[in-house]
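Labels run A, B, C, D, E and F following the written order; every chain starts at residue 1.
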Amino acid sequence: MDNLLLDDTLRGFLREDLEHGDITTEAIFSEETGSALFVAREPLVAAGLETVAARVFRLLDDQLRFFGEAAQDGARVEPGETMLIVSGPVRSILRAERVALNLVQRLCGIATLTRQYADAVQGCKAVIADTRKTTPGLRLLEKYAVRCGGGRNHRFSLSDGVLIKDNHIAACGSIIEAVRRARAAVPHTMAIEVEADTLEQVEECLACAVPVIMLDNMDVPTLRQAVQLIAGRALAEASGGVNLRTVRAIAETGVDIISVGALTHSAPACDIGLDWASG
Amino acid sequence: MDNLLLDDTLRGFLREDLEHGDITTEAIFSEETGSALFVAREPLVAAGLETVAARVFRLLDDQLRFFGEAAQDGARVEPGETMLIVSGPVRSILRAERVALNLVQRLCGIATLTRQYADAVQGCKAVIADTRKTTPGLRLLEKYAVRCGGGRNHRFSLSDGVLIKDNHIAACGSIIEAVRRARAAVPHTMAIEVEADTLEQVEECLACAVPVIMLDNMDVPTLRQAVQLIAGRALAEASGGVNLRTVRAIAETGVDIISVGALTHSAPACDIGLDWASG
Amino acid sequence: MDNLLLDDTLRGFLREDLEHGDITTEAIFSEETGSALFVAREPLVAAGLETVAARVFRLLDDQLRFFGEAAQDGARVEPGETMLIVSGPVRSILRAERVALNLVQRLCGIATLTRQYADAVQGCKAVIADTRKTTPGLRLLEKYAVRCGGGRNHRFSLSDGVLIKDNHIAACGSIIEAVRRARAAVPHTMAIEVEADTLEQVEECLACAVPVIMLDNMDVPTLRQAVQLIAGRALAEASGGVNLRTVRAIAETGVDIISVGALTHSAPACDIGLDWASG
Amino acid sequence: MDNLLLDDTLRGFLREDLEHGDITTEAIFSEETGSALFVAREPLVAAGLETVAARVFRLLDDQLRFFGEAAQDGARVEPGETMLIVSGPVRSILRAERVALNLVQRLCGIATLTRQYADAVQGCKAVIADTRKTTPGLRLLEKYAVRCGGGRNHRFSLSDGVLIKDNHIAACGSIIEAVRRARAAVPHTMAIEVEADTLEQVEECLACAVPVIMLDNMDVPTLRQAVQLIAGRALAEASGGVNLRTVRAIAETGVDIISVGALTHSAPACDIGLDWASG
Amino acid sequence: MDNLLLDDTLRGFLREDLEHGDITTEAIFSEETGSALFVAREPLVAAGLETVAARVFRLLDDQLRFFGEAAQDGARVEPGETMLIVSGPVRSILRAERVALNLVQRLCGIATLTRQYADAVQGCKAVIADTRKTTPGLRLLEKYAVRCGGGRNHRFSLSDGVLIKDNHIAACGSIIEAVRRARAAVPHTMAIEVEADTLEQVEECLACAVPVIMLDNMDVPTLRQAVQLIAGRALAEASGGVNLRTVRAIAETGVDIISVGALTHSAPACDIGLDWASG
Amino acid sequence: MDNLLLDDTLRGFLREDLEHGDITTEAIFSEETGSALFVAREPLVAAGLETVAARVFRLLDDQLRFFGEAAQDGARVEPGETMLIVSGPVRSILRAERVALNLVQRLCGIATLTRQYADAVQGCKAVIADTRKTTPGLRLLEKYAVRCGGGRNHRFSLSDGVLIKDNHIAACGSIIEAVRRARAAVPHTMAIEVEADTLEQVEECLACAVPVIMLDNMDVPTLRQAVQLIAGRALAEASGGVNLRTVRAIAETGVDIISVGALTHSAPACDIGLDWASG
């Protein structure tokens, strides 16, 4: 993530929590300094300590310093492990801590859940991908956390990928016509992906040489048939009805990509505490 | 929520998903019109259909229209119920749908979880309150969803409420000194809330007439003692270790407020689908 | 004040005065350096030298330096005293000086007037408080200047304090109902303040345990009766008809707070000059 | 003033006062409608009723309506006169009233003070002009109020006028060199104004055909001599030491322009009340 | 183009030209109305009349109206033809005309030049594509004008397309390694494009099944060889050294895409005048 | 140019090209460092190397460094000359290079063309001036480039200069009335410029002592007569029909200023390449 892109977003988050200032802290603290530790309270996969949380603190006060190494993005962290140590004016730490914690808990939550999916399909060809079902305003960050957890990113926005869905197909009358229109209009650096609900649609996709086919809401036997039908002529993406119980079976059908909305829309926040250093 | 405050936020969310445009939809659709229905796929409490989702669509294209009544904020909705119908140019509906859905699924998720907590303490004096553990950038919306679910809002930011925590107390040497400093500095329209970890601290709070005491991470018997000690002289807020299994017992101790971070940081998104009207 | 909050505002002020550049200075100066002194031309109370004016200069050009100690916020300054010395490229000093001076003259004006009010009530219990009658866009700065002058801040916005006025009461039918609705809706970290125009309304406030009562536009004898009636059960705030001739008598009635709109809406700017150092 | 330029500013002012919402009003009001009247409490010159205050209300809620004619910019208004009537949802009126009032009180204050200066020089050739000593963030509005009061605007920013001051002259060694550099660099649509502190400098200005000479801090006899010296070959602007007691004598020296910083930096706010319509 | 995306940009352009207002027009006009015609002074291809220029006028003043049909995007226009008629307050037309004209002259210039290239390759398979060599801040608009002129868009930004250039290849040691890394990291909705400077590199691209090959700065015989080598297994894009004299020969080599930086970085503005309607 | 004014603009340009990141570069590079050279491919006049391009790189990554001296603004540069060397993380250089190059090619193009005009009139009194026919969003930069090429700036916006055109005159009935209204309304720091299409209008301008007369679209003999008529009593600006073939003859008529829209609206971009340093 570019800081150019990130900083305005993070400043906005700080302003949301600060409004016109931290009245409690300003009333009580003056120039005291201290250190605060981000400590994992459960096993998790780290995401955003150095890249996001530390940046939040720096944006609030560039006199804050960080000791030791922050937990690396993607590292597995055990309960009790310290993930980040920030030192400096207590006023500044207190002002920024909630924003930093809220972000890190969420990002680690996503990385941890993604890791579980990625582990579940280990040994299979399939990669785990995210979707556009992200929290509004946090897409860049959440997709970053997916990568930290070993996942792959699907398109970032409606601008950087073509996905022809049932509505588009219905409006054109056929997959072939929808693909023709898309090919004629979008940059040639885009691969065309088409959603197929049935094996007939998969065949129609193959007939017009679609390079990526989204197999939408198919059961495992149908997925397996689809993969055989495709026979390597396109990437096969399984989508819909994926959870931690089903993902292995889906992966074993031989699909290339399994996209999982839950990675971002339903990952529970990780339990990470903020402890103050003695002395 | 004021639209003045909301609109910039929602436009930002649309821009995040649109970047330089919906290339698939622009390639395929021209002037077609249609209708899309937001349909509940599970039982839920509605939040943000009229106030947020409809507004997202209008901001993208003020020619979009809404038929019938949107599900009222706070209403219980059964699976299969239609919550919102948007009609007009298909291009516009497709461009805005993901943002609208992502928001509504999250807000209904929060309202639904809040309702479960509120129902669990029915008959007790306690109200369920949220915290500042909200998604960065979404605090206003998420706190609104808490209200839709029958919850109460705790402070919105560091600016509009005083909460003296352990760090503040440690820095001052005593609760009494921390309270004195806060009283001397903050607007008199603020009530002072102090976090107490022990019964001794509760007594210290009472000694300096603190009007709100946060009983932090106390077990149920201790909470009960604290409530008896307070004896109505201050509001008693239970905080920490609250979940759907423990909340009833906590409420039965007689506390006035139970604050629950999970309402916003861990509510799973509701399953809401978007169906297209035939014809 | 957090710099995070302040800097965008100050940059906006610089842009207002600079538009596309200082054409005179750019035509005439190249790399010359120099020093400019902010000098008091009348007795005043300092506000915003280090915290605001110096920051304006730094935001325009981070090569500007400050010599000696700036006048401390709240300090009494005599005519002829130097309050701030800025050194560096003359181009940069000239570009920023008007914005810095305009701000400091206004802030010192507010601090000086507030100090006069605060001095006038010395020995009484009453504190002098500001109102929301601030210059649009400058509230944070003006309320800061009030604190520099020894005053207290009333609420900062409609969000961080409850004040039930005549309109609210009329809409509810009674003070008791208005208070009930407010208590049910606003965060419990808020104290409820109610405006009372008569002694009957003061009694109604006391009956529902309102913690802050605004005694609005009462004459001194009535204020005295109100204070006796309240008898310490609520904070008593006098409001309306306060000026430097009346404020002492009002304070002697025993009220806790005297709020004065003139602090911010009618404080004349202080006369502060900018002198250039020889050599 | 262009609304394009004005609206962002006004929205910012509303956000400053609203932060995350008007918690009192939201707790108490739902759909009630009403009318509020802006009523003059002292004699004043109107400025910004239709152009600013009404626009503030519309930006907050475009369902608000205005009855009757707003007081015209520049009109003299007697105590008790109604200047603006706004009708519609009480919630919206209450949310916007303080911002609208704060602005109008300030703008009318400036217009009224400007009118006093303009009246004081009636019959003389001199026009009253403002300066750049405006409230940061409000320059466009305050300069508009000056025009409402019968004054003229000096330059709006460092970009749209050339004013060669003592520093510029010192840096160049002579007025003639400073003027030469400015003429060589700035657009030819700019007139060059030069500050002269002595009659010798006035002569130097005339020698290089400067079209506008600022006679800075000269006493009345010197001003009279300067005017005679200039003899119509340049515009003569008197600046410094101008107040309501001195302005007439200054005007009678025959200067063309008298610039007065106090118009904007020290005009007291006008007393304008907001009354609610019965029924 | 979405208006959501466009409007902020256009407002920024208006503010650039307006700064604090059109002082000439405000001094002279009051309520006069009139009509202005955009008239082609040379043969051109229309772009942005309805979609951009009319929008600029509406953003400045929503009372402006448009008579007759604006020239359609992509239409060939003869000298003397009226392309847009705007009617309403003269003040508003004058304030916005320069921004609208500057934009339309530029966009028509790009569309017209693109049309010339597209016409030059008529009958060949090749399409004419733009590049990222657009005017900073105008990419969306300029790429739109390319489409109006019959061209195709290459990627819009560094985010929505993969283009592996010589630097990337050098850093990886080989095309195969660079492609491997890109495939492992970027969304599967992206086609990978690789720049090849030699026929050996073309073969390397084919060996790793790159779907788009940019043939960079090859002469016509080499291009022809490359196309034969590729033999339909990838899209062939010719880039570098393309101008109106060479484009036909390049197209006749059989390449699929010819990208031309000059479309946007060197299209001369079209001569379009603004005439005022009599009466 | 003030960096305060420039930086937001440049950041916006970077965001336009980066959207959510440079996916190719992020996939391939990690911590490699390198150096890139901006090399002239044709003779040109430098503009914006240090002041704009280097700033773009620094805004993206403040670890980037610059070796040697950048080509000075206004310097003549030969083909093959290195104009700027940027060193540091390759990722950062690649992310920013296109924005920096697009800007510099355009600015050098303008400076180079301006230099050609300025050289063409060498020995005459006339200076070459730009117009408001600039690229929307780039006015400050393009007018800066005009100065680098030896040109002068006409007004920057509608706010900082008065230009009374045919429409204004028609609305007032006469030049004299239009000038009267403008003089009464605009700041006295503005010179009034009037457009004259005929010698009669030139006389009318002289009759009311207009200090700048724009001789619009006059042929060379008429221009010569106009200059004789004006006889030094006003500045004479020639406008319309100016190109490199006609400009010398126009200058020889004795006009003071020749304004040329083509400087900004039709300057071709200079050919500047980016080479990577070996080693």
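We take it that contacts are C-beta pairs under 8 Å (C-beta built on N, C-alpha and C of every residue); 3 or more make two chains touch, one makes a residue touch a chain.
What you see is a predicted model, and the numbers here were worked out from it, not measured in a lab.
Identification of common neighbours of chain B and chain F yields A, C, D, E. Superposition of chain A on chain F using C-alpha atoms only gives a rotation of 120 degrees, nearest 5. Interface comparison, A-D versus C-F: the pair with the greater number of contacting C-beta pairs is C-F.
In this entry, E-F is the pair from E-F, D-E or B-F that repeats the interface of A-B, since more than half of their contact pairs coincide by residue number.
Residue numbering at the chain B/chain D interface overlaps only partly, since under half of the positions present are found in both copies.
Centre-to-centre spacing of chain B and chain E amounts to 45 Å, using the average Cα coordinate of each chain.
Separation between the centroids of chain C and chain D, computed from CA atoms only, is 23 Å.
Centroids built from CA atoms put chain F at 33 Å from chain D.
For chain E, residues that reach two or more other chains under the stated contact definition are 18-21, 95, 139, 156-157, 159-160, 162-163, 186-187, 190. Only residues 11, 14-15, 18-21, 59-60, 95 of chain C touch chain F when the two sit together in their complex.
Partner chain F is touched in their complex by these residues of chain D: 129, 152-156, 159-163, 186-191, 193, 211-212, 235, 237, 256-257.
Residues of chain A that touch chain F in their complex: 1-2, 4-5, 139-140, 156-157, 159-160. Taken together, the chain A residues at the contact with chain B in this complex read 9, 12-13, 16-29, 32, 34, 90, 94-95, 98-99, 102-103, 105-106, 132-139, 156-160, 162-165, 167-168, 171-172, 178, 181-182, 184-187, 190, 265-266, 268-269, 276. By the touch criterion given at the top, residues 19-20 of chain B touch chain F in their complex.
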